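By letter and in written order, the chains are A, B, C and D; residue numbering begins at 1 in each of them.
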Amino acid sequence: MSATISDGSGGGIFTGKRLRWLAAGIVLLNGFFPALWILATAFKSEIELTAKPITWIPHSPTLNNFIAAFRDQPLPHYLLNSAVVALSAMALSLFISALAAYAIARLNLKYRGAILTSIIAVSMFPLVTLMVPLFEIMRGLGLLNSYWALVLPYTVLNLPICTLILVSFFQDIPRDLENAAMIDGCTRLGALWRIVVPLAAPGVFTAGILAFVNAWDEFLLALSFNPAAAYRTLPVGIQMYQGEFSFPWPTISAALVIAMIPVVVVILIFQERVVSGLTSGGVKG
Amino acid sequence: MSGVSLQKVTKVYDNGTKEGVKIIHGIDLEITQGEFVVFVGPSGCGKSTLLRMIAGLESISGGTISIEGRVVNDLAPRERDIAMVFQDYALYPHKNVFENLAFGLRLRKFSEDEIKKRVNDAAAILKIEHLLERKPRALSGGQRQRVAMGRAIVRQPKAFLFDEPLSNLDALLRSEMRTEIKKLHQRLGATTIYVTHDQVEAMTLAQRIVVLSGGNIMQVGTPDAIYNQPVSKFVAGFTGSPPMNFLQGSLGVCADTATVLLTDGVQLPLAASWLPRLAGAHGQEIEFGIRPEDIGIEAGAGFGAERAAMSGTVVVAEPLGAETLVTFACAGGEVIARMPPSVNYRPGEAATIYVDMQKCHLFDRANGVAL
Amino acid sequence: MVMKPPFSFSRTVIRLVLMTVFLATMYRAMHAQAQAQVQVPTQTNLKVLVGGQHRPDIFRELLKDYEAANPGVKVTLESGGATSELLQRYLNTVLTARDSSLDAFLIDVVRPAQYAAAKWAEPIDPYLGNEREAFLSRYLPLYRTANTIDGKTISLPAFSDAMYLYYRKDLLEKVGEKPPTTWPDLARIAKRVMAQEKDPNLQGLSFQAKAIEGTVCTFLLPYWSMGGEVVKDGKLQFDRQKAEAGLAMWRQMVSDGVSKANVSEVGTDDTRKEFQAGRVVFGVLWGYGWNLFQSGADSRVKGKVGVVKLPAMPGGESVSCMGGWSWAVSAFSRNKAETVKLVRWLSSPEVAKQLAIRGSMQPVFADVFTDPDVLRMNPWLADALPVVETARPRPVTPMYRPISDALRLNTNAVMAGARKPDAALNEIEHRIKRALR
Amino acid sequence: MNDRHTPTPQRSLFDRLADMNETTLAALLLAPAFIFISIIVVYPVATLVWNSFNDVRLLTGAPSRWVGLENYLLLLADAQFWRATKNTMIIVLVTVPGSLVVGLGLALLANMPFKWRGPIRLSLLLPWATPLAFVGLIFAWFFHSEYGVFNDLLRRLGLAPQIWFNSPTLTMMAICIATIWKTSSFMALILLAGLQTIPKSLYEAADVDGASKWRQFTDITLPLLVPSMLVALIFRTLTAIQSFDIPYSMPGPGEETQTLAMYIHMNAVDYLDLGYSSALAVVMFGLSMATTFIYLRYVKADGK
C-alpha cells in the first residue's frame, strides 16, 4: 500500500465506484480482520482450535470459552479496575492540563514558549526509564497495589498531548467572549469553566479520548506497580490466563473479545467526535 | 451626579524597558450620569484601551477611575456593575438567546421570575422576542447586534460601554442600528460610553464627543463644538465627510486687515473678527482650512457676506445624487467642494470658486493648533 | 467559529468523577463486605500466597481443617502468577514495597538465598527454640540444607520434586531393552524403538528447551553429570568444555532425529501432553507427570509407564535436578508468630501426606514417601525417593534469577539454532560473572 | 432608571484568588501541572541518574554504594545491551517509516468520498484503541507455527509455513508487522486531519494548470502534509524507542529479539538491579533526546 494509489483529494484516481469499494475493502479488512479472527477463535473448542487445516469459521460454535473466561479470572473486576484508572487519569489530566493550557494560551506569561516546551518534553521520557524510580516513589508513598499508583503517572504522561490540544483550542476562542462573561459576573476562572472550556468542547473531548485510550492501553506500569489481583488492569489481567504449563487460546480470545467490547461501544458512540476532534487541528500541534 | 469619572488615568505597557510604553497619558474626564459620550479617534489612539480600563478588562497603571462615586481601580469587571457590547458581539455560542441574556442575571442569583421578566422586557424593547430560543449562529448580523445590546440592557447597569459595536455591519444596517441605539439611550437614559472610529456615528449619537489621539484627549465637546470649533487641525480633519480641506499659506496682517496668502499668489481676505486674534502674527506659516460645504460656485445666496474668489481647475466631479462633490486644483493644492447636483463640470475645465471666509479655520502650521 | 452542539464540560467532568467514585466505592464496598463477613474481634487474619500451579483448591480444603483446629485464626488463600517467574515477579514488587498484606508464601526451592540476602523472609529458628534440631532433622537432609542459608532457616520445605526419566515399558520390552543409564545409550534404544514402531509421530526423547526455568535443568543435567559446577563460594566456576559437551549431547539428540526439531518450543507441559498421548518413548519431566499418565482421563499410556533416575554422561554419574517449594514467612508480616505456627503446620508430615494423597505432590519426609496410604495412591514414589535424595540443587545464590536467565535463554537460543554454542557459552560466562560481581 | 442597581457579588477568598494579577494567577494555574511533573518525571529522572552511578542491587541486600561509571562500563561490555539496542533500532527504522507509509495509504483511502463513513472510521480507530498488550497476544496467535492464520495463508498459497518464533529474523518481522498494524491507524488519523485542511481550490487550480493526479499528489498533497507528518513522526519515533508490549508478548528464541525497554524491565523488576537498569534507562533517555533534537533541527531547517 504505497502513496502511488491516490492523491486522495475529492476522488483522485479513484473515480470508479469499483475502485472505491476496493479502497473501502482494504481499510475495513485492515481494521477489522484481527478483531474478527479473535471473535471466531473465541467460539472454537480446544479440539477445533488444533484441527488441521485450521478453520476460519467455527464449525460448532461454543460459549464455553466465555464461561471459562469469567470463571478462570475475575474479568469484570479487571474491567472495573481499568475503567476506574482510565477515567480518573483522564479526568485529572484534563483538569490539570486545562488550567495549564489556559495560562499558556491566555494569560500574560513571560516564558510562554519555554513553559509549553517543558510540558511537552515530558513525552520525551520513556516510560520504562521512569519505571524504576517511580516504583521507588510509589513504594515510599505506600501506593503500590492501589489505583493511585497508576492514576498519578498516567495523568502526567497525558499532560503533554492534552495541554497541546487544549492550548490550540483555547487560542481559537475569541477573547471577548471571556471578557463578556467577566463583565456579566464571572471571575476569570469562572469564565474559564463556564465559557472557555465548554466552547473548547471538541478539543476537550479529543484530549479526553486520547488520555483515556492511553491509560486504558498501558501495560508496563500496570504490570509492575499493581500485580495484586485486586488492582490488576485488563491488559495485565489478560496475561493471567496463561498457566505454568498452558496457553489457553480460546479462553484468552474470549476474554479479549469481552475486554474490547466497552472500547468498541465507546468508539461507536463517539467516533464522530473523535475523528472531528482530531481533524479540527488540535493534534497538529 | 457623576456617572463615570477619570482622573489622571494612565496606562503603561511593560515592554522590557524600565519605563515601559505609555499608551494613555493621564486622562481627565467627567461624564455625568445619563450622558452619552463617544470616544473617537483613529485606530491606535487608545480609545478602546481606555474603555477596557473603565470596564476592568485592562489594569490601570495610574490615576483613578470611579463609577457613580465609587473608585473601581481594584475591582474586577463583574464588580463594577457595567455592561459592555463588543465589536464582534461576543455572544455565547453554546447558549440560546434567552440564556445569553439571562447569564449575567443568573450569576447574580436573580429569581427565575425576575430573570424572565427582565429578559422579556429587553427582548420587547429590541424586538427580538421571536428569537429567544435560537442559538447565536442562527442569527443575522443585525439580530446578533440586538442580542448583544439586550444582554447589556437586562442588567440595568450603572454604565453601558460600547466597543465599536457597529463596525461589523453593512452600511444600511449600520445606520439603522445607529438610530436604534440613539432611541434606546433616549428611552433608558443610562450613562453610555461609546467607542468608534466612525465620525458619523460620533456626530449622530454623542451628547459629547471625546477626540483622542496618541493616548491624549485632543478635544471634548458637543458634536457642534467639535465640528464648528475644532481646537486643532487634527480634530478638524477628523470630522466631516468629506473632511475639511487644507491649503498651505501664510498670514499677512496689517493694522486693520488680515489676509491669507496662499501659493501661486492667491490672497484671501479674512473677516475683521479675526484681527484681535492675529495681532503680531504677520508672516506666520499657517494651514488654511475650509469645509467642502463652505465652498460655492457663485457669490449668491446661502453664503455669508464675505466671500473670496479663487480660480482653479476641475480635477474630478463625483455626483452623489443629492449633491455633487467636485475636486478643484487651486492655490498649490486640491480642495473638494460640495456642489448642488445641477453643476456640470468637465475635467480640466477652468472655474472660479468662492470661499465663505466666515467659516474658514486657521491652524498654526508648526503645531496644528487653531488660531 | 463553528460550535458544537451544547456540551457542558463541568457536567461531564462531574459525571465522570461521580461515576469513578461510584465504581470505586462499589468495589471497595464489595471488598469490605467480603472481609466484614469474617471480621470477628480478636481474630487473626492471615493471608497466604500460592502459585496457580500449586492446586489452590487442595490448600483451601486443608486450611479449613487448620481454621477448625485453631479458632480465632482465619486464613485467606491468594493464588498468584501462573509460573514460577511470574509468581516471583509479583513477590518482588510486594516485598520490595515492604507490603505487609501477605503473611506467608510458597517460594521456589531455588530462592531461599535471595530471600535471605534481601531480608524478605523471617528466619524461623527463633520460633523453634529448643525443638529446632528435632524439628528440622525430620526433613530430607537435602531440603533442610536448601532452606538453610548461613545457618538460618529461611523457609520450611513444602514439597519436593526432581526430574525423572519416564519411559514406555511396553515399547522397551518389545525391543528387549532395559532403561538406559547413559544418554548415548538412551539415543541408541530410542532409535531402535522408533525403527521398530515406524510411527512418524513417535519421538524418541522429549525434553524442554523453551526459555523456561526447566531449561536451566536441561542445561545442568549433563553438565553436572560430568562433574561441572556453576557457582562455588559466590564465584563463578564454569567449565566450558563440559558445558559444550552437554549442549552437544542435546544437539546430537535433535540431529539424530531422536528429539523434535522444534525442541526450542517445547515447554514442560508439552512433554507431558505428548508423552500422555503416547507419542514419546522417553520423557525428561518433573514428578507431576506420573499421576496424569496413570490416571489422566485421556491417557494412552496407562500401565505402560516406568520411572527411573536420569541417564548419565558417559563416564559421569547420574544426577537429577532438585525441585520443590518452600514456605516462607514474610519479614513484613504483622502476625509473625501466628504465621510461623501456620507454616509449621503446612510443612508438617500430616499435611505432606494429605498433599501426596490428594494432589500427588512429593513429600519432604522420607517416611511419608514410604507411607502405605501414600504408596497406595502413588506407588511410584517408592522409586522416586532415591532420585530425590540424590538430586542436586541449582546454584545457591541471591543472584539466582540472572544466572537462571543466562543459562536457559542461551540454551534455548542454541537449541533453536539462533546462536552458536561458543557464543552462547561466552555469554553465559559473561552474564553470570556480572551478576556475581 | 439607575435606581435599581444590580447587587455586586460577594468577594469570597476564591474570588480574590481569581482576581489576582495575571502572573500570579498563571503561576497558580501552572502549579498543579508542574508539581505533578516534578513528582512523576523530574524527581525520578534525578534519582535515575543518581542510581546509575551506584550499585543498587536489592537482591543482594547490600546497601547501595557509589561506583562511578562502573554501570556504564558494564553496559558497554554487555552483549545483550548491544543486541537489545540493535533490536530497538531495527524496530524504529522499520516501523516508523512503515507505519507512516501504511498510515498515509489508509488516510488517502479513508479520505475518499464514502457514503458510509462510520465503518471506515471505526476500522481506523479500532487498532488504535486496542491495547498494545492485546495486539501482542493477537499477533502472537496469528504467527503460531501450527495454528496461526499466517502459516495457513502461506500453506494455501503453496508456500512453506515457517516456525516464526524460532528465528530471530522472522520474529522481528512478526513484531514489526504487529507494531505497524497497531500504530498506522493513529498515524492515518493524524494524516487524515492534515489532508482535510488542504483547500480544495489548490487541486482545482492544479487541474486548470493541467497537472496530472500524480503531480498533484507529489506537488500539493505531500508538501502540505509535511507538518502533520513531522509531528506524527516525532511521537511515533519516541514510542518506537520504547517498544515493550508487543515484543514482550511475542518472544523470539533466547533473548534474540529483546528490546531495550524489555531489558531495562528485566534488570529492574526481575533482577532488582536498580543501578544497572538506571544506567540502561539513562542511555535510552539519551536516545530519545537525540532523536527529538534531530527532528527539531530538521523542523527548524524546514521552517526556513
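As a working rule, contacts are C-beta pairs under 8 Å (C-beta built on N, C-alpha and C of every residue); 3 or more make two chains touch, one makes a residue touch a chain.
Since the model is a prediction, treat every value here as computed from it, not as a measurement.
*Asks:* Identify the chain whose mean C-alpha position lies nearest to the mean of all protein C-alpha atoms shown.
*Replies:* So the chain sitting closest to the middle is A.
*Asks:* Any chance you could check whether A-B or A-D wins on number of contacting C-beta pairs?
*Replies:* A-D is joined by more C-beta pairs in contact.
*Asks:* Roughly how many whole angstrom separate the Cα centroids of chain B and chain C?
*Replies:* Roughly 93 Å, centre to centre.
*Asks:* Roughly how many whole angstrom separate the Cα centroids of chain A and chain B?
*Replies:* Roughly 57 Å, centre to centre.
*Asks:* On a C-alpha centroid basis, what's the spacing between chain A and chain D, in Å?
*Replies:* 13
*Asks:* Nearest whole angstrom, what separates the Cα centre of chain C from the Cα centre of chain D?
*Replies:* 38
*Asks:* Could you check chain D for residues that touch two or more other chains and list them?
*Replies:* As it turns out, chain D has residues touching two or more other chains at 9, 15, 18-19, 269.
*Asks:* Can you list the residues of chain B that touch 2 or more other chains?
*Replies:* Counting only residues that touch two or more other chains, chain B contributes 76, 78, 93-94, 104, 107-108, 155.
*Asks:* Note the residues in chain A that touch 2 or more other chains, in rising order.
*Replies:* Chain A, residues with two or more chain partners: 95, 135, 174, 185, 187-188, 190, 198-199, 201, 224.
*Asks:* What does chain A use to touch chain C in their complex?
*Replies:* Touching chain C: residues 77, 80-81, 83-84, 87-88, 90-91, 94-95, 135, 138-139, 142, 144-145, 147, 172-174, 193-194, 197-202, 204-205, 224-225, 227-230, 240, 242-246 of chain A.
*Asks:* Sort out for me which residues of chain C touch chain A in the complex.
*Replies:* 1, 3-4, 6-10, 13, 16-17, 19-20, 23-24, 27, 31, 51-53, 78, 80-84, 89-90, 93-94, 96-99, 101, 267-269, 272
*Asks:* Looking at the complex, which residues from chain B come into contact with chain A?
*Replies:* On the chain B side, the touching residues are 52, 55-57, 76-78, 80, 82-84, 86-88, 90-94, 103-104, 107-108, 151, 155.
*Asks:* For chain C, which residues are in contact with chain D within the complex?
*Replies:* My answer: residues 85, 88-89, 92-93, 96, 114, 116-119, 211, 262, 264-265, 398-399, 401-402, 405, 409-410, 412-414, 416-419, 424, 426-427, 430-431, 434-435, 437.
*Asks:* Which of the residues in chain A come into contact with chain B in the complex?
*Replies:* Chain A residues touching chain B: 174, 176-177, 179-188, 190, 195, 198-199, 201.
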